[in-house]
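Per-chain numbering from 1; labels A, B, C and D assigned in written order.
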């Protein structure tokens, strides 16, 4: 068990270091950054904001990780978020119960994933283009549902999902934590993870070994759609309205970025959901840090680009081999390994 | 009868920016309604926020030989050439809700509000309300680089200049959206001592204000009292907030730009009366004193 | 006919079919005016898409081009407004910057072994960020030389015209086709797309080729930015958002495989025209709401891809030796 | 050390990979005008040494002398310009380029700065004419068989080799005819004074063509000998570090025929394999012989459901079965080791362990994961049983040497305990020791009652373990040999009966 955790830590080390560095840097610029207090029975502070605001990207990144592991990509998640947010708002305002609304919305997300999956797995269309179709059309569908307006609602149950709290944590955080752990367990406690990685590395060889490639591929996109649906519900619940125009806009890029910052290769294969979640949190930490820093907004993009480049360079394979002696990860773990035995 | 027949055959192309906000959806709805009322065949083209698409659309309108063109330009610059083409084809162009940096003889008229003026109306309201008391203001800007963001900021700052009690202490972009408005406001609150340092919020549109109001509430403060809220657009939802005492003032940007435009066009088509080059719509200030619920009911059905 | 030409032929057939359908509904679409517009309006997209074709053929992707276009425009506007530099000099400067920018991304991709998607995504943030820093206002370009350039066109019978930028796009496509199929560099690009490891073993200069590919893409994005600034006579930091996706779409419906190694520059030309045709059709129709516009674009895109697949599938099956 | 007659010398070359010392201070000297065989077991370091010589890998230490002067090729391009032409192990050309482009990549003839495609194609045709290959050089390489691709790779390397030609298992996918042709060309180059390095696992070929032999074992130099002074046994002992117990081509044990289990009737697919009938008994090895492109692989794929048949039916024990997909076949306990292990065999980034358990896991379904302990047990078992050389079971399989990858894929199927095993070129690229092991394994499986179909280009080997051999020609089954007729001679006769037909 301990060796399992050490392996895990080793995998996540670069992401943890990056996150720590960002947190330290921001708290230097803005001293109150690390403050945490209990207010109205919930944790309150910038760190909680990061976890809370990061929820949509974290959720998208979970699905995106699995899709990318199959050597695919899902550009439609932002649009699916918008569709699902709109669906939820439309359903709840037209009098459906909360449970019914959630069910309908998740079903819509799954349907979107199914569409992408069929295009990729059955019609054999390249993932970028297959999902581009829904990326373009999806926002239109969302606007069709809301007729271009922001569809607001007052259902306390739905609103609770966006801004309520559970055990002191904001609901979105609770949701992505639970969902993330569930999915991670699902892929790692069953053989799914390995089979997905096999497909991503060599689809032909996997098929010849009897792996049910089309079904697993579709499942990956369905999961991505489901994640987008949950993210869409959270985003809508957060502002108590479905904003078909802006919900999830360009978030697919953030999600992909999160997966890559998490160290999963865009070429498919090996993946880690925990690392992608950390990647998403890193990106949100950058965003929140920029907001807190008080720079003029013209500089937002440059700062973000610079930080991302630095993080990626630091974890690029070349850099890591060139500076292996600086990172004691492997060497240092050896003595403790002996100690543990 | 002859006149009405030509009116019925009037084909007008409308190049709309897109559907990026509720306000714009309302403008589109109202334009279509107005066209229908007047028996105009409206050719609508959504540019998806891209100038190049608008230019393409205008060129297509010219190629189709429409009778007039309505243009809501996404950006002020870069229209000379295509407007010249329209002029060469003797098709009058009317600008809606934003103006362009082009020679005035290239278009018939512009029906717009004055974006700088809107900002200064909001600023003036804040100056009057605070009446000399010191007040720290935070600002939620629109999309970086968009002309409403630039002009509404400018107008607001103009109104505040000379009133040293008012200080803009933080200004960030909220991209005109509720989500970002809420997120940015959350960080403002954290950065300014839990919001105790902030006395007023100025948002470049109502949507960001609505998001920010939620953030203020979730931080345990009372929007409208602990932090004054003033914004621009006058979309229905902000009137609900005003009715609940959570927002203080909004400056109206009317979505009915097409009505005056069609009137001017009709006059021009009838006997060649050239309208003034700028038909300015009113930038009306609404406060909690203006029966916000009633206004809400009026505006609700307009497709915001 | 060789099987590798199938996607290209399929795309061409689809374009002609689509064009015929549009003409059947709106005969005006056949006018030289619309044809001239199709070239002029899509010039910047086409030029950028040529660069994107090379990148995709090599198995990469370049997400930065939209931002580079915006940056180029703002740079030109700022330079021309605040100094007395001649536009041609400014063009040379901005092309140099864009090329260097692309080359730097290529170098990072190769030497740090980082995925192109991410490097160019960071490049996309950076270029637009630099545009913001230069100016957030949209700045008109009033230099008389611009007016001169815009005055250059060939009139077609029927009121249409081939403008300078439309012609430039055709030229860029011609040069691109030569570069892809008649130079060692071109073959090396295909070689990278066939497999970097194999290409390296076969002695392809992988580093130099990668850097050159992204430099070329940067150069063409810069050229596209110049064209865009001529097209709009302005520089604006929010311009050309999402052009990279349009370019990728043009390349892919032009029959190029996103995984690299297979495709044609000429296909990208047809792909660009197909996109322009969709846009033209929607404007001619003029009855669609904002949302139906988006949905229809998506559906047409889907239809094109499906049709392409279908044509390829059917002709493969017919050619199967008995 | 005098280097005057050495065209290429490698001195104390070192190369380490994480967890492996692939080369440990290896010396290697190549003379002008000699064919020098570089031998060793799978994973001995042959390919690594070659890649260090041509700059494909950066070596960790040591020096390289070409013509007496020290050289340090930074990449393969530089090696090529120095006059070192190389065929790397496995077909290493670009399938998406035309044949001509592959041949002239990086040195296309130019006119006015543009590639002169006409001249390039003409020269490509001339070049291939030497190899009796008259193909359309303007088509993509992908449209040709592995064998043709291999010939093209050889032609390219030969054309590039001004001083040194290196061939890393070039004959693995060639048939006797093509090998003979290759050797003719090699002898011609040798006469011209080139130094030629030749890696292979076919010892006959070593004795036929080489002048000297260098043997590597576990990354270390064992020694260099004159071929004439080294007999087979001594050579094998050098390679594996002990005497090989069994004779490689042991005479076929008499078989006890089991019951008829698999019946294929009129089985075929348009455009791939002409319909054929095939019966396979339990405890039987059916060999498949034929020239390259004769349709052996296609038959094997058809039997496994990689392509579904469009005519005929299949039966097990008299019951009709569906073999429309690999999964369906696997359900009936079929297994299939494909011929092209790189594209359809290994899952490169996954570990040896995962590669071994993959098929078993796929059959059990994703909800019933094989526990990690069980996976480890299976992996360790087969790593030991098949003697797979790997630092540990968690090593990504793509880092294993070619032969060891082949063994791991074999292990993948053995782990599923199949009843009908289809092996397409199972011994390709496998060293003598392992070769004998695999032949023994095939025998053992047969004795256990399995039915096997084995495709191989090595006719001697087929004769050794098959109970029956099917001969294919032009995608049709043309002969079936068993009993007394099952001899190498008969097989060659059957294949050659219409050799003149395979012109194109």
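Worth a mention:
Convention: a contact is a pair of C-beta atoms (placed from the backbone, for glycine too) under 8 Å apart; a residue touches a chain by one contact, two chains touch by 3 or more.
Predicted model only: the values in this text are computed from it and were never measured.
Of the two interfaces, B-C and C-D, the higher number of touching C-beta pairs belongs to B-C. Averaged Cα coordinates give subunit B a centre that lies 33 Å from the centre of subunit C. Separating the CA-averaged centres of subunit A and subunit D is a span of 44 Å. Centre-to-centre separation of subunit A and subunit B, using mean CA positions: 34 Å.
Along subunit A, residues 143, 147-148, 298, 300 each make contact with two or more other chains.
For subunit D, residues touching at least two other chains: there are none. Under the contact definition stated at the top, the residues of subunit C that touch 2 or more other chains are 132, 136, 289-291, 293-294.
Judged by the touch criterion defined above, the protein chains form a pattern that is neither an open path, a ring nor a star, and not fully connected either.
Per the contact rule defined earlier, chains pair up in contact as A-B, A-C, A-D, B-C, C-D. Residues 30, 32, 39-40, 44-46, 49, 53, 143, 147-150, 152, 163, 235, 238-241, 243, 245-247, 288, 291-292, 294, 296-298, 300 of subunit A touch subunit B in their complex. Across the interface of their complex, subunit C is touched by residues 56, 75-77, 79-80, 86, 88, 92-97, 101-102, 105-106, 108, 110, 113-115, 117, 138-140, 143, 270-271 of subunit D.
The touching residues of subunit B, counted against subunit A in their complex, run 19-22, 24-26, 28, 141, 144, 170-173, 175-180, 182-184, 186-188, 190-191, 207, 210-211, 214, 218-220, 237, 303-304. Those residues of subunit C that touch subunit D in the shared complex are 2-4, 178, 181-184, 186-188, 190-191, 193-195, 198-205, 261-262, 320-322. On the subunit A side of its complex with subunit C, the touching residues are 123-126, 128-130, 132-144, 147-148, 253, 256-257, 260, 265-267, 298-306, 308-309, 312-313, 316-319.
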